[in-house]
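What follows are several structures.
Okay, so chain A shows up in both of these, paired with chain B first and chain C after.
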Partner chain A sequence: MARPVLEVHDLHVTFRTDGGLVPAVDGIDFAVAAGETLAIVGESGSGKSVSSAAVMGLLPGNADVTGEVLLDGRDLVGLPSDELRKVRGNDIALVFQDALSALNPYYSVGWQVAEAYRLHHGKSRDASKKEAQRQAVRMLDLVGIPDAARRANSYPHEFSGGMRQRVVIAMALVNNPKVLIADEPTTALDVTVQAQIMRLLEDVQEEFGTALVLISHDLGVVAEVADDVLVMYAGRAAERGTVRDLFHRAAHPYSLGLLGAMPRVDVPPKPRLTTIPGSPPSPGSISTGCPFQPRCAYTERVGERCITERPELTPRPGEGDHEAACHLGRRPSDA
Partner chain B sequence: MPDELLHLENIKKYFGLRGGVPWRQAQAVKAVDDVSFVVRKGETVGLVGESGSGKSTLARVATRLLDPTAGRVEIGGVDVTKVSGRKLRPVRRKVQMVFQDPQASLNPRQSVGTILTTPFRAQGIRPTKIQLVELLEQVGLSAEHLDRYPHEFSGGQRQRIGIARALSVQPELLVCDEPVSALDVSIQAQVLNLLADLRDELGLSYVLVAHDLAVVRQVASRIAVMYLGTIVEEGPAAEVYDHPAHPYTRALLSAVPVPEPGAVRDRIVLTGDVPTPISPPSGCPFRTRCYKAEDICSTKRLVLEAVAGSNEHKAACYLPEI
Partner chain C sequence: MPDLAWFVVRRLAAAVLVMLALSFAVYLIFYAIPADPANLACGKPCTPDRLEQARHFMQLDQSTIQQYLNFLKGIFAGRTFGDGTAAVHCNAPCFGYSFPLARPVTTLILERLPITASIALGAAVLWLIIGVSLGVVAALNRGRPLDRLSVGFALVGVASPSFLIGLLAILVFGFWLNMVPVSGYIPLTDSPVDWAWHLVTPWLVLAVLQAASYIRLTRAQMMEELNLDHITTARAKGAGEARVVLTHGLRGALVPIVTLFGLDLGGLLGGAILTEKVFSMQGLGDLLISAVAQLDVAVVVGTTLFSAFLIILANLLVDIVHGVLDPRVSHG
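Right after this comes the complex of A and B.
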């Protein structure tokens, strides 16, 4: 892998609540290089969205963040908020799931994209309003808004869901960030529109060499666009590797369960989907052992260790950077 | 036919838009525009389409939660189009509905026991506790859950309660509107397997409304594809999935990502957005986004016609793929 632009080391996020401390992210590491795509997959409550918000410094005041978030070698954790503001939207940008709440209904979409530009070019000469407007139209055109110069004067409610998501992407990319974090960018969209948006993300990534962190629960989308994958479960990394490692050589019982549970459109249906019994643990209720142990089909073969000892990510012998956090040394399918 | 559980004939459902000012002509959203649809005993029919295609509206007309603007609804061979109020209750014994969001469709102030009792009472029956426990066990819950409240359950469990409630009056047909789209993948699989088990055990039939084509493929025996208020293609699931005839079905299927890294797929990426259902395009509703559209497509609205070599598989297209 080329030198990563974004490196996250031992990230912990704990929320202070009335009910006590709730650990949402419990020590994860990841890295992504220019032009590459890292997908973070997991179900609700796995900590994938909290991780991305932590990287962006967007968590509320009751969240304690520790660890390192290195953007081009510079640590963002603990940076004063005015410093962080210069980085956010300039070097690293975020696209949310819900484009409607990411846009201000009172301002035209062109104005909003231009504002993102002006905020980061405020002191330089070329940041006149006209220039910002010109940049906004250029970006809107680039993300595929037809007749961008005229449509820049439209308001968010005049756009469809897919068009709004394009506007949000234009806003995120107007300053040509090094890293783009996309948190479920297509979950709210129809599948034909999803295909348009994913193609757009791939195109801009190719054009600008942006590093993309894609947060998704949809393994189909992940298989199509990701280079590397991090599977999260209950705030921890369950498995990490290339996209082929995950889909062809899944090593963690949870990853295998997810793959088996997913119905497929391209092949005749299986008589039954494989399921993972039970449901994910709520944050804070995790015991000392493996967080997946209560739902795991392989725990009996390992025994006590799954309950007493928390598994760490360990490399899979002979599989490069492929790692899994599981006491079962062998691949579950061979076990 | 005697084995037809549900028969919809030329259903139209328009929603009126107030003109706002008196001199502006009142407009209507044509949510469902002339759709005929049949469900036979033992079938699982998948009703697929994107947002705004009218699939949920059609499901609500089929369960008589909405009155159709025009057309005929027959349930179990009886015309129920004009039946309303209390007289609908016998109809409800035959057809029940499962909703997308169990959080919103379960009363948070009622215990599970009360929730499950309500449909019995509507039919004038006092259920025994044993009956209620049996219902819960049918959906993979147990007697201990009877006194709990919806907030004490996870999303998957709540959907099971919604299914148990629908099963309480022993319906023949369950209309499920996006039953798993709010659930995580691992939980979604549990609920889909449950629906399949119930079908085998109780001989249920389903109408499954869903936008997720992979989910529908997993359980449906027949599917109908909707676009802008009309059915553009229908047929046995395997035939439609493997040999889509309508360009829209083809584009829709090709857009679904497949969990296979490096899989080569000739994806048809549609341009533009779905037109407004207030004034749909003349002729074929899909022609404005269709990659095959020709002049003829704007002339006349097509009806579903049998695809070459099959009488079950039908499509409404001047230029079908097969």
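Right after this comes the complex of A and C.
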């Protein structure tokens, strides 16, 4: 892997609440290089969105973040808010899940894209306002808004869901960021539109060499666009590796569970999709053992260790740095 | 915006109908009171003969419907009471004639309006600034002392009657500290400084009372707005906190604030009755109260209709502004 633009080391996020400290992210590492795509997958509440918000410094005041978030070697954790402000939207940008609520209903889409440009380009007011508008139209055109110069004056509610998500992407890319974090960018969209938006993300990534962090629970999308995958469970990394490692050599029972729940056309059809029994533990309720143990089908084979000892990431056979946090030594399916 | 023009035309037409219905209702109500205005005009001793003369002169001897039609006609064509040398003219638009004051109601309203408008507009600017800024501060400091302080201030403002705050203000600033004049009104055209100086206490009193609801409304709206996803977007774009709060947060809270402001101002322009009384200013509220005391029905009807007109106008303006402020609202 090329030198990563974004490296996250031992990231912890703890929320201070009335009910005490709630750990949402409990020590995760990941890295992504220019032009590459890292997918972070996991169920709701696994800490994937909190991780991305932590990288952007967008968590509320009651969140404690420790660890390192290195952007081109510069640590963003603990950066003064004014310094962080200059990074946000400029070096790292975010694409949200729901474009309708992510856009401000009171301003035209052109204004909103232009604002993202103006916030990071100089002081000379009038000249840059015109330039910002020009850049906004250019970006809107680039993300495939037809008749962009005219549509720039329209308001978010006058667009369809897919077009709105294109606007959000234009807004995120207008400053040509090094890293783009897309938090379930297609979840709120129709299936056909989903494919268009993913294609668009791939295209702009190729054009600008952006590093993409794709947060998703759609393994179909992940298989198609990701280079590397991080599987998160209960705020920790369950498994990480290349996309082929995950799809062909998954080592963690949770990863297998996710794969089993996904319809596939490349393998003989199963009578029915499998589900993972139970639900993820609520943050803060995790005890000493493996967080996945209560839902795991392989616990009996390992025995006591799953309850008493928390598994760490250990190397597994695979292409690169394939690792899984499971006491089961061999691949579950080989046993 | 042809949509907007058509909307305004339709609303104005509706407003005329509302005014018509309202004027008729007001007419019926005030002319149904058992006391006879002619009695006052007749003087003492009042012989039945002179009373009848007075009633004829004031056109009170006609049927209620006829009187109402006369009133409507007067708006467009003016009216003349009596004949010969004793005749009294009321030029169009004539909204009635006050016999006790010997002036057309239109003239009376126009004379008093600058005073009420001075009080209302000045106070409105103050309460809008105080209310919205304290509301924003409260929302940003939710649960902290600044929030508690603002909400406490709002509570005092809501709970206090204007005559109490007004009299206290006069007592403290007018008499004890001797800082400001205690009563009276100087026209703006005479001396802008004296005008403002005489108005500053009523402005502050009204502002304190009215700001309360703006603090609470702004606080609630801002807390809601600042939780929305597009606020996170603004932060993610790299907007500074001030820009996030004002350009993105307050922008969304503006519509309900402007709505309340328009209606409050419209209501107040019709006469700040208690405030005018406390500060001895002869505005529309004072005109109305005196007219009620003197059974001056024409003035009561005129000022009531004028107040109603202001409320309708304020509603219309609020609706128009609403469409300008919120692109999702269509007037079509």
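One rule holds in what follows: the second predicted complex is superposed on the first by the 321 of 335 C-alpha atoms of A that agree within 3 Å, B and C clash if a C-alpha of one lies under 4 Å from a C-alpha of the other, contacts with A are read in each partner's own complex, and residues count from 1 in each chain.
Just so we're on the same page, a residue touches a chain if its C-beta (ideal position, glycine included) is under 8 Å from a C-beta of that chain, and two chains touch if they have at least 3 such contacts.
Everything numeric here is computed off the predicted structure, so don't read it as measured data.
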Clash or fit, chain B versus chain C on superposed chain A: fit
Figure out whether A:Leu313 sits in contact with chain B (first) or chain C (second), or with both, or with neither. neither
First (chain B), second (chain C), both or neither touched by A:Ala195: first
When the two structures are overlaid on chain A, which partner does A:Glu43 contact: first (chain B), second (chain C), both, or neither? first
After superposing on the shared chain, does chain C or chain B touch more chain A residues? B
According to the stated criteria, A:Ala114 is in contact with first (chain B), second (chain C), both, or neither; which is it? neither
Minimum C-alpha spacing, chains overlaid - chain B and chain C, in Å: 6
Could you list, by residue number, the parts of chain B that touch chain A in their complex? 50-51, 154, 156-157, 184-190, 192-193, 196, 211-215, 217-219, 238, 241, 251-263, 267, 269-271, 273-274
In their shared complex, at which residues does chain C touch chain A? 228-230, 232-241, 243, 248, 251-252, 325-328
In the complex, the residues of chain A that touch chain C are 56, 58, 81-82, 85-90, 93-94, 96, 98, 101-108, 115-116, 119-120, 155, 157, 168, 171
With touch defined as at the start, can you tell me which chain A residues reach chain B in the complex? 43-44, 160-163, 190-196, 198-199, 217-224, 226, 243-244, 247-248, 257-266, 268-270, 272-277, 279-280
